[in-house]
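Okay, got some structures for you below.
In what comes next, subunit A is part of two complexes: it sits with subunit B in the first one and with subunit C in the second one.
Presenting the complex of A and B:
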C-alpha cells in the first residue's frame, strides 16, 4: 500500500514536471495563408504547436502580456486573438473592426490598443477580457475618418499613433481609462506611414510617404511640438516606385546612431541621435523594408521590398559597411532576434520555411517548415516599450 | 478604314487568346496578387492601405482603366507602376481574373 502511494506520488509529480514550462524562450510564427500560427521554442528551435482559424493574417502583428503567457494577435480583418502559450490554444477571439493594421499593450499591461483603417481610429480593450473600454475615432477635417498607423505604447500609460490621411500625431493618456485625454499634433508632414519609439520611450518618429524627412516628437518636451528631421533628405533624388511600405521598428541604437529605411531609395540612413543629422547613406541592394538592430547594436539586418526580397544584407555598425549578404529564400518578410541576439529567425514566405542563423558566423542552424510564413514575434517583446 | 479597324479588333482578340499566360505563370501571378498586391490591398483583396479589389468594387471600372493603373501606377498615391514586372497581356489576365473572381 505504502509503496503504491509512493509510486502514485512519483507518477503524479512527473506528470506535473513534464507539463511545467516557462514562456521566456517561446514565440509565434505567423502562417499567413492558412491564417494560423506556430508556437515555437527558441532554445530547442522546434515547433511546439499549431493554432488555426485566425482569420486574415496578412500584415499580422503580435504583442505579449506582461507575464508573457498570452500573445495578442492583430489581424488584417480586424480580428483580435488572445493565444494561451501554456495551453496551446485560443483563449479568446473577437472581430473588433473591418480592417486593422496593428496594436500595442499599455505600460501596465492592462490595456490592448488596436489601430484600424476601417473604421479609422483606435479601440482600447481590456487585456484580460477583451471587453471594449474606449473607442477613439480618428476624425479630422469635415468629419472624415483617417486610417491609423504607427501605434505604440509609451511611458505614462500612453498610446501614440499617426493619422495617415490627416497628417496628424495623437498622444492618448489613459490614466483615466474611460476618459482618454487626447493631445493632437497637426500638420506633421504628409502621409505618415509608420512610426517607431526609441527604446527609452522618449522619441516618437513617424516616416512620411509623401513628404521629405521624418516627423519627430520628443515626449519629454511635447510642448515644443513635432519637428521635422532630415528636411532636405531625398529632395534632389528621384523617388523609385515603392513596392512595399517600409516598416519602422527596432530602433537601432548603437551608441548614438539610429538606422532607418530610406523610402523609395536603395539606402539605409544613419542618423546621429543627439543632433538629428544624417551622417551616412549606406547603399544597399534594394529598397529596405525592415532595418533591425541585433540587441547588442553591433549589427543591423536589412531585408528588401519586391523584387529584391530574396536577400538580406547585414551592416557592421563598427564601420557602417555591409558585412554580409545572405539569400534565405524567396520573399523574405521578417526577422526576429533571440533576446540576447546570438540567433536570428528569418521567414521566407514563398519557400515556406523559417531559417535560424547564428549571427556571429552566419551559419544556418535550423530550418522549420511553415506555410507562407510572415511575421515572427518572440515573447521577450513582453518587456519592451514601443513594439 | 473599316477593314483596318476590323483587322485591329481581330488582332487584339487574337492577342488575348494567344498571349494568355502559361499555367505556371498564372500560378505566379495569383501568388503575386495575393501576397504582394495583398500587402496593401489585403490578402483577401478587400482593401487596406489601398482600395478594395473585389469584383463587386471593380465592376464599374473599365478593364482598360485598371490595366493602365497597374501598368503605370497612380500619381500622388502609394500605387507603384508594375510594367517592369508585368506585360500588358499578363496585366489584362490579372484584371480579368479580378473581375471574374467571386
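Presenting the complex of A and C:
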C-alpha cells in the first residue's frame, strides 16, 4: 500500500473512529429559528453537531429509540424526523399530518405514535422505517373528529390519549399491531387539554380545561373507570388570564407527592398520591409552566409564563418551601435534568443560550449558545415510561 | 488507489462501521467458568461478543459509565475491569485488593468506588484511568479493620457503606475528591451484612446478621441518626438453615411498598414505606434470594436458594399474591429487567443458558447459551442511583 493511500485510508478510519461514542450521555436541544437541533453531550457539556432543515419546531418534543441511538422529533407542522445521534444527520423525515402536538414510543421500542390536531387522531409508525402501521382517527358522536392531546406510552404495549373535543380517554393496546384494541372512557370531564402518566406507568391523569378537577384513570383497575380528583380545583378559581397553558407532562412525582402547576394561579399544588388529596398550595412568583422534580425527588424546579419567564424557583421537597431563586435569562422555556440529577440544563430562548447548573450549589457550570432554544431532551428518556 | 488497497481500506472501514452502535440496549452476562463476559443486545436478544481473561467472577457485579459505553466489573479476586462495549474488549484491568465484593459509580460518573474485605475498606478510582484517587481504610476501635459491605452511590456525590465488624455506617462526601468528608454512624446494629438504597436515593437500609430488624438512615435527615425498623424481624425467627444470604440490593420498591426476602424463611416481607411497618408476609416456595420489582412495580419476581433454585415465583403487586410459577432451569442465579419492563432475562447457571421471558404473558422469547452464567446487568444502570 502506498503511503498516500495508507494515509487516506487512515484518515477515513479516523473520521469513523471519531464517531465511536456511547449514547448514554447525549441529548438534543431544539432551536426554533431557524428550525434545527443541536446534539449535545452532558458529560463534556458541549455541542457535538447542528442539524437543520427540520420544518416547524415551535412546539417540538422528542422520544428516543431503545438503543438511544435515534431521536424522533415531533414537529408542529406534522413533521416526524428521525435523527441518527451517531452519524449527526437526519436518518429519515416524513410529514405525517397537518398539525401535530406530540408523540410517544411503544414499550418495545418498535412503534412511534403521533397525536394530531388536524386531522384529529393518532397515527402509528414503524420506528425503523417510519412506515405507517395503523391509523386511529379520533371519531366521536356524529362522525366528528376530535383533536388528540396527552398521548403517552404505557406498560403492556399500550398508548393512552385524550380527545379534547369528545371528553374521552382512549387506551389502545397494540400487542397485535395491525389490529389495535381500543378501550374508550367517555364523559371523563370537559375538554381534557393535556395529561401525564405517573413514572411507574400506573396512573393516567388529564387536566380539564372547561371543568373542575382532574380526570384520573388507574390502569391497574380500568374496570373502575375514570374518576375525578381535586374536585374543588378548577376554572372558577381563576382570577388571572392564562398566559401559557401549563404542561402536564412536566408534573413531578417525588416520592409520595405530586407537584402540579395551578392553572392561572401563582401556585404549585402539592397532592398526596395515596389519597389524591391536596395537602399544600405553595405560593410562587408567577404562573407556573413546567414543575419538574430532580430525579431524586428532593427538589422541584419551576419555570413561569410571561411576564415572569426569566425566573426559576426551586422548591425544597423536605419542607415544601422555596429554597432558591435563579434568573437564567429571558424566556426560560424548558429544563432537563441529567439522569442522576447532578445537573440541570435550562433554555433561555430570548437570550439565545442554554445554561447548565449544578443542582447542589446552584453554580453555573456552562453556557452554550443556541438560536431561540426551547425543549431539551436527554437520551436516557429511552428507558422511561409515559413520555 | 489500487483495487486491492481500496478493498483493504473498505474492509477496515466496514469493521469499524459495523461497530457503530447505540449503547442503550446493551448489557453484560457474567460467565463464571471460565471467567468471561458476554456483551448482549436486548433488542435483538443476541450475543454480540465474548471477552475472557477476567480473573475470578464468582461474585461479580457491574456498573456503567454515564455514557453507557464502559462497564466496570468488580471481581471477587479484587480485580477491577473496564470493558469497552463499542470495541468489544478490555479497556483496562487492575487488581486493586485481595478480596472485593462490590462497587459503585459516583453521581457525576467520574469516580469508581470498590468495597473490600481484605484489606477492609473502600478505594476510589478514576473512572477514566483507573488511577487510585482516595483510599479509605475501614478502621475502628483499636486500629482494627472491618470488612466493608453494602456500598452504594448516593445523590450529592456520596458513597455509603457498612462496616460488618464495626457495626457502623459511613457516608463519604467526595465533592472535594482528594479530601473525602466522612460521617460515621456507630452502634447501628450487629453485623450489617448488606444494604440497599431506595430508588430515589433517600433511604439507606442495612440488613443485620446478628441483630433484630433493619438499620435505616434517612439521608434527608442524617442528624436524626440511624433508627431500627421491623424490630420483631430477625434471627430468632429463624427455623431453617440459611443456604444463601439474600441480596439486599435486590430488594424491590414498588410504589409505596418494599418487598424484602426474609432471611432463612420461605417468605417475602412486604413493608409499607411511609410507616416502615410490615403489612404482609407472602408465603413462597423456598428461601428467597433476589426479590425484584418489574420497572413499573406491578410484578415482583423472586428466585430461591438451594434446593429450590430451579424455580421462580412472580407476585402480583395489586393483590399481593403469587401470580405465576416458572422453572427456567437449574440454579437460577439472577434476573434483569429490560429498562421499561417488557422482558426479563434470567440466568440458569447449571443448565448453561440465559432465558428471556415476556413479562406480560410469561412466554419464553429466546434462549442464549452461556457458560455457568450468573449476574446479568443492562446498560441503563448507567442512569440509576444507589447501585
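The criterion applied here is as follows: the second predicted complex is superposed on the first by the 361 of 387 C-alpha atoms of A that agree within 3 Å, B and C clash if a C-alpha of one lies under 4 Å from a C-alpha of the other, contacts with A are read in each partner's own complex, and residues count from 1 in each chain.
FYI, a residue touches a chain if its C-beta (ideal position, glycine included) is under 8 Å from a C-beta of that chain, and two chains touch if they have at least 3 such contacts.
As the structure is a prediction and not an experimental result, all values here were calculated from the model.
Look at A:232: by the touch rule set out above, it reaches neither subunit B nor subunit C.
When the shared chain is aligned, subunit C comes close enough to touch A:20, but subunit B does not. Ranked by how many residues of subunit A each touches, subunit B and subunit C are led by C. In the superposition on chain A, A:379 contacts subunit C only, with no contact to subunit B. In the overlay built on the shared chain, the residue A:32 is in contact with subunit B alone; subunit C does not reach it.
Of the two partner chains, subunit C is the only one that A:68 touches; subunit B does not reach it. Once the two complexes are laid over each other on the shared chain, residue contacts for A:187 go to neither subunit B nor subunit C. Within the complex formed with subunit A, the residues of subunit C that make contact are 1-2, 5, 8-9, 12-13, 16-17, 19-26, 41-43, 64-70, 85-87, 107-109, 155-157, 175, 200-202, 220-221, 254-256, 273-274, 295-298, 318, 339-342, 360, 379-380, 382-385.
Here subunit A touches subunit B in the complex through residues 32-33, 56-59, 76-77, 99, 101, 117-118, 147, 164, 191, 193, 209-210, 241-245, 306-307, 331, 349-350, 372, going by the rule given at the top.
Residues 31, 34-36, 38-40, 42-44, 46-49, 73, 76, 78, 80-81, 85 of subunit B are the ones that touch subunit A when the two sit in their complex.
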